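Let me begin by presenting the structure, written as structure tokens, before commenting on it.
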Amino acid sequence: MRASNWLVLEKKIKFGDCDSAGVMHFHNLLRWAHESWEESIEIYGINLKEIFPSIKQNTKKIFPIINCEANFLYPIEFADKLEIKILPKKINNHLFEVKTTFFKNKKLVAKAKLIHCVLDIVDRKKVDLPESLELWIEASNINRKIEYC
Amino acid sequence: MRASNWLVLEKKIKFGDCDSAGVMHFHNLLRWAHESWEESIEIYGINLKEIFPSIKQNTKKIFPIINCEANFLYPIEFADKLEIKILPKKINNHLFEVKTTFFKNKKLVAKAKLIHCVLDIVDRKKVDLPESLELWIEASNINRKIEYC
Amino acid sequence: MRASNWLVLEKKIKFGDCDSAGVMHFHNLLRWAHESWEESIEIYGINLKEIFPSIKQNTKKIFPIINCEANFLYPIEFADKLEIKILPKKINNHLFEVKTTFFKNKKLVAKAKLIHCVLDIVDRKKVDLPESLELWIEASNINRKIEYC
Amino acid sequence: MRASNWLVLEKKIKFGDCDSAGVMHFHNLLRWAHESWEESIEIYGINLKEIFPSIKQNTKKIFPIINCEANFLYPIEFADKLEIKILPKKINNHLFEVKTTFFKNKKLVAKAKLIHCVLDIVDRKKVDLPESLELWIEASNINRKIEYC
């Protein structure tokens, strides 16, 4: 299985994503960063409904973001096609980060980083990462090393 | 008490609300319509956390929208200041609509209509409107009649 | 070429699309409707940057929405995969509509309709549809007829 | 004139701002940060249409964000009322940052930072901050010092 299966995605910029300055409105990048790792874990094989919280499901854990950051290097414009690369990392037992880099014609145009905390849905105390997420992080990192060999 | 207390609100158009055509991006109007009736019932005196569903609360009813519509009559631009008028109506025991009209310098520039269904949060069967919403609808309609006398 | 090339698309519901009631927040459907016809005309072969307005381009026409509507028939939930069908129609020389229907496991769960007006970007007077949009609408309708034969 | 005139604002969390985890969806904070400084400069007395770019106006400068960051310290929930404090700072002639802090019942629950670059709208080269923005930044900082005396 190639890394691109779950670590390299594509995104086309829509009209409604852009503002009157003619470029993508900045906070959309963070939305895309979140949507990208959802997409990534689904392609990897995780059932999204099993790990994300919902009023109907009996999920046990939530993953609130405690920090997010984005850098914008070159303008991203309407109808641009971006290549999105994802790199998750475990920080400790209850923290993980997801780095996302955005490329336009092979040039890095923007990057984002989300740091998630893993909490119990009821008492909001810190708990361990779900095993499925651990596996996705490990597989992603192994994959990345292979890519560079 | 004057109608304007809970039936007439204000909204300023932000930079991120507008698209590259230099006007408000259309679906934001429906967001504002929803935010307006939330604002309205809160000003009227309803505790929002008691009637809207959440993972933490024990609310019993949800109000999914079954139909929404918007008409755009004149351009709404960045930094415009709109006056928003709200008119809720009970359709039957488990259905209500909220009409929202948007004015710019006294001129009607857009209008929206949301139709909500009232369902039990667990079995998703039709249930009666919460009493507090019934009272808000009644008061709004009485108020409107007085306004026109 | 099959209709599905530019008239049938796919959409996965993301975590951020849903609200505390556990379902897709209503106005996102209208965003997806707009994104869908952008996607459709691009697949059909139209250069998006040539027909949509921007501060940098010299496009001559804008397509403001004068009316939009959406109907919600069944809950759309997080991680759902929707099939989206698009049907554009010319109303007259300066008006066109785009109907969008959303299916979940072959069941119609929601539909949306956008009505666009074609205006000159400078004086905002009504002008004819761009030829490329006319061709997309015609081709879409022919295609649809073939599909039902 | 008190600082609170243009440096302390209020925000109520709407139903559509929250996700299925029952809290505000993270990237909305960055939207509010941007909306807050727009609000701030308007209250300070700057004509928004004169400094922000639009397809219709002849503004000369744009303020793309080159970096944004947000920290989330405590859950922000539906119907919460936040106090927002704004602190702009000039970094150099063509760069400025806006820090935004969010309080719930006097407790700091989140903070955001936007760094803007000032560019010429045509050739996208670095240019000086508009004088009106310089004045707003200076006045804000003087004001803040007084506040702490």
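For this structure, a couple of remarks:
In order of appearance the chains are A, B, C and D, and numbering begins at 1 in each one.
Just so we're on the same page, contacts are C-beta pairs under 8 Å (C-beta built on N, C-alpha and C of every residue); 3 or more make two chains touch, one makes a residue touch a chain.
Predicted model, so just to flag it, every value in this text is computed and none were measured.
Judged by contacting C-beta pairs, the busier of the interfaces C-D and A-D is A-D. Set against the Cα centre of chain D, the chain with the most distant centre is C. With each centre defined as the average position of its C-alpha atoms, the distance from chain A to chain D rounds to 26 Å.
Per-chain CA centroids place chain B at a distance of 27 Å from chain D. Per-chain Cα centroids separate chain C from chain D by 34 Å.
Residues of chain C in contact with two or more other chains: 15-16, 18, 20-22, 27, 31, 34, 52-55, 78.
If the chains shown are joined wherever they touch, the resulting network links each chain directly to all the rest.
Partner chain D is touched in their complex by these residues of chain C: 15-16, 18-20, 22, 25, 27, 53-55, 78, 121. Contacts from chain C toward chain A in the complex involve residues 12, 14-16, 18, 20-22, 31, 34-35, 38-39, 42, 47-49, 52, 54-56, 77-79. Residues 20-23, 26-28, 30-31, 34, 52-55, 62, 64-73, 75, 114, 121, 124 of chain B are the ones that touch chain C when the two sit in their complex.
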